[in-house]
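So the structure is just underneath, and the comments pick up after that.
Note that the chains take the letters A, B, C and D in the order they are written out, and that residue 1 is the start of every chain.
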Amino acid sequence: MNDRMDRRWKRFLGVPRSALGSLVILFIALAAVFLLSFLLSKTPARTLRYFFIGPLQNTYYLGNMLNTSIPLIFSALGVSLAMRAGSFNLGGEGQLYGGAFIATVSAVAMAGWGIAGVICAIVLGAVTGGVMAAFSGYLRMKWQTNELITTFLLSNAVSLVVGYLIAGPFMDPATNLIATRKIPESFRFSRILEPSNLSSALVMALVMTVVVHLYLYRTKSGYELRMYGLNPRFARYGGINSGSYLVLPMFLSGALYGLGGAMAIFGTYYACMKDFSVGMGWNALAVALIARFRPVAIIPAALFFAYIESGARNAMLHSDVTFEIASIVQSVVFFLVTSSVLQRIGTKRERG
Amino acid sequence: MNALLHSAVAIMTPLLLAAMGGLFTELSGMLNIALEGLMLMGAFSSIVFTYLSGSMIWGVLLGIVATMLLATLLAVVTLNLKSNVFITGLATNLLASGLTIVLSFRLFGNKGVVVFDRIGSLPRWDIPLVSDIPVLGAMISGHSPFVYLSWVLLALSSWVLYKTPFGLRLRAAGLHEKTLVSLGLSPSAYRFIAFLVSAFACAIAGAVLTLNLGAFVPNITSGKGWIALVVIFLGQKKPLGLLGASLVFGFADAFSNYAQGAWNVPADFILAIPYLFTLLAMVIVSIHADWKERIKR
Amino acid sequence: MSDTAVTMHDIVKTYRETGRCANDHVDLTVGRGEILCLAGENGAGKTTLMKVLYGMEKPESGTITVMGKRVKIDSPLDANRLGIGMVHQHFMLVDEYTVAQNVILGREPMHNRFTIDADAAKRLVDEVIHAHGFSIDPSARVGSLTVGQKQQVEIVKMLYRDVDILILDEPTAVLTEQETASLFGTLRTLRDTGKSLILITHKLHEIKAISDRVAIMRQGRMVGHYETASVDERELAGLMMGKSFSPAIGKTPYGRKQETVLRFAQVSVVRRNQGRPMLKDVSFVARTGEILGFAGVGGNGLGELESVLAGTLPISGGTITHRGQDISKSDAHRLRERGLAYVPSDRLKVGSALEASVSENLIIAARKRFSRHGMMRGKHIMQHARTLIDTYSVQGTADMPIGTLSGGNIQKVILAREIAQYRDYIVFSEPTWGLDIASSKFVHTQMIALRDAGASVLLLSSNLDEILSLSDRVLIFSRGSIVAELEGERLHTVTKEEMGAYMLGMHVREAAHE
Amino acid sequence: MNIRKMLVTILVASMVCSFGSLAAAGMTEQASQEEKPLSVLVYITGVVAGSPPYTALAEGANQFAAEHPNVKVKIYEAGFNQAEWEEQLTSLVATGEYDIVLGSNPSLPEIAVRVGSKFPKQKFVITDAFLEGNSQIRTYLYNQYEQSLYLGYLAGLVTVSDMPYANKALKVGFIAAQEYPLLNKHMVPGFLAGARMINPAIELDFRVVGNWFDANKAADLASSMRAAGVDVFAVIAGGAAQGLFRVAQQQGAYIVYHNDNEYKAAPSHVVGCGSMEQRKLVMEVLSDVLSGSVAYGTASIVGVKEGYLGFHFDDPAYVRNLPQDIRDKFEAFMQEVREGRVSYTLPPL
């Protein structure tokens, strides 16, 4: 019984077969961080202390770290959903940005609507991201156009247009930031762990993770989606309407990105700032890959990612580390984190 | 119009070179998203070595070596430690952007733009007979040697991929890995070399960017590696296709440069043109390919 | 020098992933200029033993002697150098390459230091092809070849490497009668030129037909080496299965004719960029209570017919009706809803999702039945899976990924699923490819039971024995058209040679269909 | 099996040790802070490298610290993502380590207002920005309209001249990395207004690179603009400006540069450089901070008259590159500006 539970949990979370393997990776990554700190920082001890302990040292940093993970969770869920259906959504950044923009603008427009306005704005944001991704899915369904490339191109184009809209017609004249007007006070999510930026969007992220998990593993549509992703010919053979599983998962994927963008606005920023999403798409992809596209594993993966990010930020705040050094440290962690050879260390070895 | 075509060819050159490098990894069965980072590394190291050695040729050669070192790291982690190639590619891009700045600070005490006064401009070559041809002449004559080098390399890579044992085996690694294994050949070995080849081409692509300016600007590649990846797919993974696809993008970019002056449209809209144009080209290509495979009804 | 070509002694090989001991202290000797059949049921360890000999698997212990010399074989390159070649069951060919390119891959004739000499390649490959009486064009693209031709390419590839010892892993599994006969001819010629051949197989009549000696393995152990002449089929089967066994299939005579289920009228399939239609004016009816056999050589339309029946290939012309309703434009989804049951020829790429669990694989077509308001009913699904696993005695559990099962067990799962799904007609395509005797017999028994229960069974097979022993009516395909229909008495008197002549398009259609 | 267990133990033990030593190291460091000097945070909204105003800000602060031993300076680069600026500033202020935050960006005051409301004791001095009435914040706004005006005036003089690379077309150019309020509302209109003081028919060709580092794109734009008749360029494009310098040298064109002395970037092509006395302002501000005489809650607009904007007349390249008559006209104009005799309306930001 115990053993079975253990196995189920591992499958569930995508934990590598051997805990030793993960320890080895962690250890090498740590060693690399140590080495780099001594090479690149004049006060290595201080750097390391803030890198590792900084994000956890008080509720403010802890809250901000958790807050960093929120859009990551939504976006990584988005990547995973598409990936589970065998589609590659590389345009997350534009979908997130576009979704956030539409959500913000409509929230401003629907200022008097109360709670209905909040819901409408968030839904519109999600739909925006979804439609962008679904467009690429549609192209693939219709003409086998490679969605990896079309999502990327469309995202780049849309980001530029949204950038124009933010800096142009929708810019808030009252601010010198390049940003839209702020959403009404009543629309903003409540903060938890003040004074940090963490908002109740975290709860939404956790709920959404469970929803996506249940969708994938407990619904008929999720079953069909997974089967299509595992083997499209098998799905088609089994009478699953294959075209819709090129479009629907992309729509959901884009919608989750859009939702992530909306959450960042409603929980943290309150206005859509130009280029605020830069890098989020790639980071989400990294999180999803680390979690191997398992929804529930995304939470620890996103926390790990946010921890590394906040650690680097913290070292920058309190030590002589600059952001380029932080990016080197991050890259070293990425190099190692998915290594299946290192993960396999400690599993049964061949004799002789 | 002539200026536009001329400019399109100049813009396409780094894309073509990087795409060419990426073609090797792509054909060997690896999605190489590290083109951006490799290009950046090449851009930095070739101008630094040009400055230190005083010779552009040595500079580019040493730049290639440095970029290959980075690619070796990428290849070892990906192939020997069996990490996810997408994540390691991202890591390479991160590393390259951090490393170039750190090195620039260590070497020149400057994290920003490093101007190398000693490096003159690239020569422009006029091709004697070709330059007299009406449109084509303006398009392909009067470029820097790198432009012509890229065409020579394209021909060379086409030859390597389709005429040599190495190419035959490399493509087999991407098409049917097990075939190679069954013949006692290692797909990893060919992929390793493919990574080195893409480092080689990306280094030159990067060198074009910096030697053209005589300066290094952090992040000077600004997304060209990603566009190169698009070029590979749009070019249907064939050398000549790459030429066409990079020209499409080069032309769209040159056109958007021109359009900013000519049209009274917000600049950001015009900056989106190359992406939308390439998207359109991508769709047209796939409609055509799909039509050929359709069942008559 | 002795007349032994290869001696393998005390080979032990355990698979790390599963911990299963595939070769348990196995000995094998192969004589010079002989054909040795390595026989045994699926999973007996034959392929593993041969992969050890070919350098693709590393044994934990054991010694190998080739031509009297102790050798160490670490890679296929070593094996090739020692004159050992292997033709794998799943072809190791690059479909996008030409025959010549596939053959020379890894040992390219050079024009100069860097360039492949394409002309020399074509010439050298052509020489090998002619020297051994093959009939393939060195510049043809491998993807466009038939299965039999692909196998010839594999053999040419090894002969090009000057091998003296040639291993063939289940070479006849996907071949037609004609192709098998011609393959055997080739193999005999090769033997007569002094080459040693090792054939992995579990087909009893083939062992008898081709081999000089037979080595039998069972559950990872070597049972023994026998002179083929000294054992009969029944004894061989007993040695392979460890108990006495009757290979014949019992079948009640074909009796009642019943109503029409499926009707094809002038069905054609034409691809835009291809001149020759893939299917041309195909007309037939399938009725309840009969097994309708479709025979044909690969590349002659059976593959397309399979896809059309499955609803994955749209048709260019003609009509298909099911119980009187037009289903010409129905896709797989619609057909499944109408009760289509279908066991595909490609079990791994079409018939299953290898990483999904057995229970998930079992409900693909019946998922509606196992969900309520869009939610899956987990308990029902597990219950269903356990029942089917028991009924069909599948070696595995409901939550194992199906890819971890053996080939025979995967086929059982597919069979269980499709039989549970069927309503009035069921399509079997190559249902016994690569299956051992026991599993094949199980499949055949199921088919007959279905027929007797009133199903309309459509059997597409390139195995003539299977077609002839099971079918009540046979349609023969050549170049995308039906060239003959055999029924009743004609079916009992037809010879394999005649069948082959039809299949190769040498005879015109003689029996008109309804 | 045993070896595995041992490995695990070693790994875990070494990690625990390293964390422990880290924590210990942190402790000792904190204990060593006794006497509290004036601690200055220079908060860079972007990166220092490649930006003359930020470089001047950082250098000014560092120089002041070098002259005053009890002043400590920390330079923090917050990167280009404006969405992250507030959180980072909050984190820094929350440490309570900094007596004063120095920054230079038009959007910084509103961030400072929000951060300041959480930390009422924190003081901010922000240049290049304008905000009145917050008792924690002192701002100085450089009159960039004015600088662009006189640089535009110079560009106008050059474009109508018969200097070697000047053409007949009445066109001046402006290359920007990205569009932002200060650029759109002060710099570009100021530049055009200045040029039109020479000839109202002068047109402005304004183009955008899209980012701060694609120098090759900037070069392509510059070529294209030159082909369209532009002979004098202004540029606000960070690192990407390198592309313009290269094109100007290769194809022949003139450049007027904002905020910094960049005559050397393209010798004989950069004909004029505006100056922004950020360094001077910063050092004055810091000495005010030391003496406690900062007028928090007020805002000043500083320009040529106040001595914080100017022009690099002193560089030999200026004399070398421009003919006497143009210099005379320009210097006369500058004198008028200095004396406040040039009238213009400063557009609201």
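Rule of thumb we're sticking to: contacts are C-beta pairs under 8 Å (C-beta built on N, C-alpha and C of every residue); 3 or more make two chains touch, one makes a residue touch a chain.
This is a predicted model, so every value here is computed, not measured.
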Contacting chain A as well as chain D are chains B
From chain A, count the fewest steps through touching chains until chain B is reached.
1
As a test of whether you follow the contact definition, which chain pair has the most C-beta contact pairs?
A-B
Rounded Å distance, chain C centre to chain D centre (Cα mean):
73
From the C-alpha centre of chain A to that of chain C, how far is it in Å?
46
Note: chain D sits from chain B at a C-alpha centroid distance in Å of 33
Contacts with 2+ other chains: residues of chain A
160, 167, 322
Quick check: what residues of chain D touch more than one other chain, meaning two or more?
47, 179, 210
Multi-partner residues of chain B (each touching 2 or more other chains)
111, 267-268, 271
Between which chains is there touch?
A-B, A-C, A-D, B-C, B-D
Which residues of chain B touch chain D in their complex?
3, 7, 10-11, 14, 110-113, 115, 121, 209, 212-215, 217-220, 222, 253-254, 257-258, 260-262, 267-268, 271
Of all residues in chain A, which touch chain B in the complex?
40, 139, 142-146, 148-150, 152-154, 156-158, 160-161, 163-164, 167-168, 282, 285-286, 289-290, 322, 324-328, 330-332, 334-342
Chain A contact footprint on chain C (complex, rising order):
14, 16, 19, 60-61, 310-312, 331-337, 340, 342, 344, 349-356, 360, 363-365, 367-368, 371, 374-376, 378
Flag every residue of chain B that touches chain A in the complex, lowest number first.
73, 77, 80-84, 86-88, 90-92, 94-95, 97-99, 101-102, 111, 223, 226, 229-230, 233-234, 266-269, 271-272, 275-276, 278-279, 282-283, 286-287, 289-290
Help me check something: in the complex, which residues belonging to chain D touch chain B?
47-51, 179, 205, 207-208, 210-211, 213-217, 219-221, 223-225, 227-228, 238-240, 242-243, 245-246, 249-250, 265
